[in-house]
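Here's the structure, in structure tokens; my notes come after.
Order of writing sets the chain letters: A, B and C. Residues in each chain are counted from 1.
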Amino acid sequence: MADPIFAVRDLAKSFGGLQAVDGATFEVERGSITALIGPNGAGKTTLFNLVTGFIKPDRGHIEFDGRSVFGRPPHVVARQGMLRTFQITKALAAMTVIDNMMLAAPDQPGERLLGLATRPFTWRRQERAIHARAIDLLERFQLSRLATAYAGTLSGGQRKLLEFARLLMARPRIVLLDEPLAGVNPVLGRQILDHMHELRTKSGITFLFIEHDMEVVMNNADRVVVMAFGRVIATGLPSEVRRDRLVIDAYLGAHGEDVA
Amino acid sequence: MSLYLVSLDSFGHVDFWLGVGIVAGIYSIFTLGLQLNVGFTGIVNLGQAGFMAIGAYAMAILILTYGWSPWLALPAATLVAMLAGALVAIPSVRLRGDYLAIATIAFAEIVQSTAQNALGLTGGNNGLLGFDAWWQTIQVSMLGLLNLIGLGTQDQIPLFLLVWITFLVLMLILLALQHTPWGRVLRAIREDEDAAAALGKNAYAYKIQSLALAAAIGAIAGYLLALNITIIYPGTYSADFTFIGFAILVLGGLGRYAGVALGSILLWFVLEAARFIDLPLPGDKVAAIRLLVVGLVLIFVMVLRPQGLLGRRQEMVLRG
Amino acid sequence: MVRTMNALGTGSRGVLLAAFAVLVFGALVVVKGYEAAAQATANGLVTGTYFALGAVGLALVFGVLRLVNFAHGDFLTFGAYTALLANVFFRLPVVVATAVAVASTALLAGVLELVLWRPMRARKAGGLQLLLTAIGLAFVIRNCIQLVAGTEPRGLRVDVTSAVTFLGGVRMGTTELTVMVVGLAVLVFVAVLLSVSRLGREMRALADNLSLAEVAGVDTGRVIIATWLVAGSLSGLAGVLVAAAVGVLSPQFGFQLLLSLFAATVLGGIGNAYGALAGGLMLGLTQEWSTLFIDPRWKLSVGFVILILTLLARPNGLLGRPALK
């Protein structure tokens, strides 16, 4: 691969007797939209948890932009520019939409007690700038009129958009989306995918997303990584992967239906 | 209830109620720390009395044994308490909620045990006296001033004012902190640590800061308590003190600093007003009734109205 | 070494612990002489027995309900004082009084489950709510006892003077010896019951995974009540044994013991009843052994320090389930 922003080698994790991830190896090209697919129980979400620091891997290598992030805690990984969403949206329900957004802005001296004491005017000025940026981003996602509403009052689809908008506030270099279209109506789903393409083109953000819908994968992904039984069994162009014998077997074995 | 004599002549006794007000104020300050930890950070600090003890003892030891001026000893003792808070927090905050609670109460018990047994340092069960000479002097001046407006006869007024002004100042500081980016991160951590971590926030660091701040607040409550009873001895800083604080906390409502004052005043009003019912019972049994009431308050609030008096139902994110 | 510990099962770890204890005893004999070491060990076993009885109940409740029962220590007080009532007030023999204590504490625990805990769980009460309710309950129980019985020290009508000497110089009161024997016997019985009985297996299933157990057809309501009854019985018995061994009681004693019981449970691995058993014995022994080296008034603090060290170094305890998030 020419320019991998993110690489995983021989990553493994077991829980009790269960080997959830069993030596996964793959790379993600910078500026690409890569899909991570595989039958249920293949270890995709566990992989996300491992690379973003939410679960400690048993062994392996994880490299983000040339630096190892193996065993680093989640907040460190996030600060380095690898942001993620969760299968069940984590919009902070007891906080307003705008608070959710402003929370995500990086490098805020006002978030540190020392910063509050030593730079009382800086952080206030920064708040105004962050607020403006947040409103701007909310407008792009058509959520600005809900800025002062509690995130808990938003619909499921709106919360997904909020989670997406929120992580963009953090200026990510790579975004990991865990089933971004799950439970979302097709119109909204289309919006999310459009945003993804636009952000990739305009801001050079890399996307790695877990997806079950093959049509979506075929039409949107540059590359596909296929997992089964905790291992990566195939990587490549969507058209290549769909014809791969191993992939078809894995899906037939799991679902009993043709993937084509 | 007409079986028991109610001595109404003491009911209007200003001095008595000033005393109650002072105790209620001290507990209010103590519970501000608990509110920060439980209501705004989501961590259960059952060791607050331990921080109170560390502050009070440090202050007294610095003044009595090392001859420090109180104006140095007070901030220094507060720093010592904060350090203790951070040291307790560092290993504890990565534990699950209930384990953290146990760790903090274990710490408080060690503090109380040390206070009882390290005779050379703390005077053991005899306690420490004489650390408040400076306050007595200030009090006399204050009473002199108060005399000019005719209030000089109530000698508890200076301490009453000190306690409640301190409470107001601390509450305003805490409220201001909540409206900063720091406060915003704290709210996020309280609701969902993982979401906050996924956005680059180091939850552990914030929890440590929260505990250290609460320790400082506990220390301040400790100084005022010491000034009130003019002695520092181990029995004061018991787990029961912290539990009463929790009763006040939930009565007023989680997530509202003002609720702490309301809860404290209400609870102490109820506990002290009962003195006027002359029960034919010995002292230890009357004490038992008071603590029984505290226990019932805890149970009833948790069962019937967990958000307390001022808390809001939808902000209720109670976690263990 | 930690890896090896993790790899072994509960039974083998238990054996390892026992071997370790024997080794420590050997070392103490060498350092402090046989008499001192043996006496401390004997005292430690007496204390350890009632620690273990109390801790097992605590662990069972935590395992099945995820509830840190802050009122547990006061169950011991309740047991002790009902025994006191039966023995001193109603002049019933100690054995009968013990039975009364066990039954009444079990009843208390069962009633509380039906009246307080079950309705709260049904209304989806959170962990903090339950924790604070337990604290409030603790206050209510011990202060009701204080209201009725006052704070004056009281004791059971047991033989406090006669003693036996055995194993070359170890001296123990007859009552203490009885306490230890009875306690250890009950502990063995409970351990066996947990492993072989259907109830024991169901309790362990719930402790491992509540929803899975439900799906597997376990009647969780019944198991929960049974857990409370067992925990109540054990604490009632523990309370009587403390009263007999220590001699004098006050209404605060159970709560004062609570932290030591937490220490034992955490040491053994919270939620693991066998661990609590081992933890209780180990804690009792360690506390008494410490008096060979430091002033006895720091004895209790030893327990608290062990608790904190365990939480720091190995939060899962010696035998237990994950404590880190």
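By definition in this document, contacts are C-beta pairs under 8 Å (C-beta built on N, C-alpha and C of every residue); 3 or more make two chains touch, one makes a residue touch a chain.
These figures come from a predicted structure and were not determined experimentally.
**Q** Can you name the chain that lies farthest from chain B, using the mean of each chain's Cα atoms as its centre?
**A** Relative to chain B, the chain whose C-alpha centre sits farthest away is A.
**Q** If you tally contacts for every chain pair, which pair is highest?
**A** Ranked by C-beta contact count, first place goes to B-C.
**Q** Round to the nearest whole Å and give the separation of the Cα centres of chain A and chain C.
**A** Averaging C-alpha atoms per chain gives centres 48 Å apart.
**Q** Any idea how many Å lie between the Cα centroids of chain B and chain C?
**A** 31
**Q** How far is the middle of chain A from the middle of chain B, if each middle is the mean of its Cα atoms, in Å?
**A** 44
**Q** Could you list, by residue number, the parts of chain C that touch chain B in their complex?
**A** Against chain B, the touching part of chain C is residues 66, 68, 116, 119-120, 125-133, 135-140, 143-144, 146-147, 150-151, 251, 255, 259, 262-263, 266, 270, 295, 297-298, 300-301, 304-305, 307-308, 311-312, 315, 323-325.
**Q** Going by the contact rule set out above, which residues of chain A touch chain B in the complex?
**A** Those residues of chain A that touch chain B are 52-54, 73-75, 78-79, 83-84, 86, 90, 92-95, 99, 102-104, 106, 108, 110-113, 116, 123, 127, 150, 152, 166-167, 170.
**Q** Report the residues of chain B in contact with chain C in the complex, numbered from low to high.
**A** My answer: residues 38, 44, 91-92, 94-99, 101-103, 105-107, 109-110, 113-114, 116-117, 193, 239, 243, 246-247, 250, 282, 284-285, 287-289, 291-292, 294-299, 302-303, 306, 318-320.
**Q** Contact residues on chain B for chain A in the complex?
**A** 177, 180-182, 184-185, 187-188, 191-192, 194-203, 209, 314-315, 317
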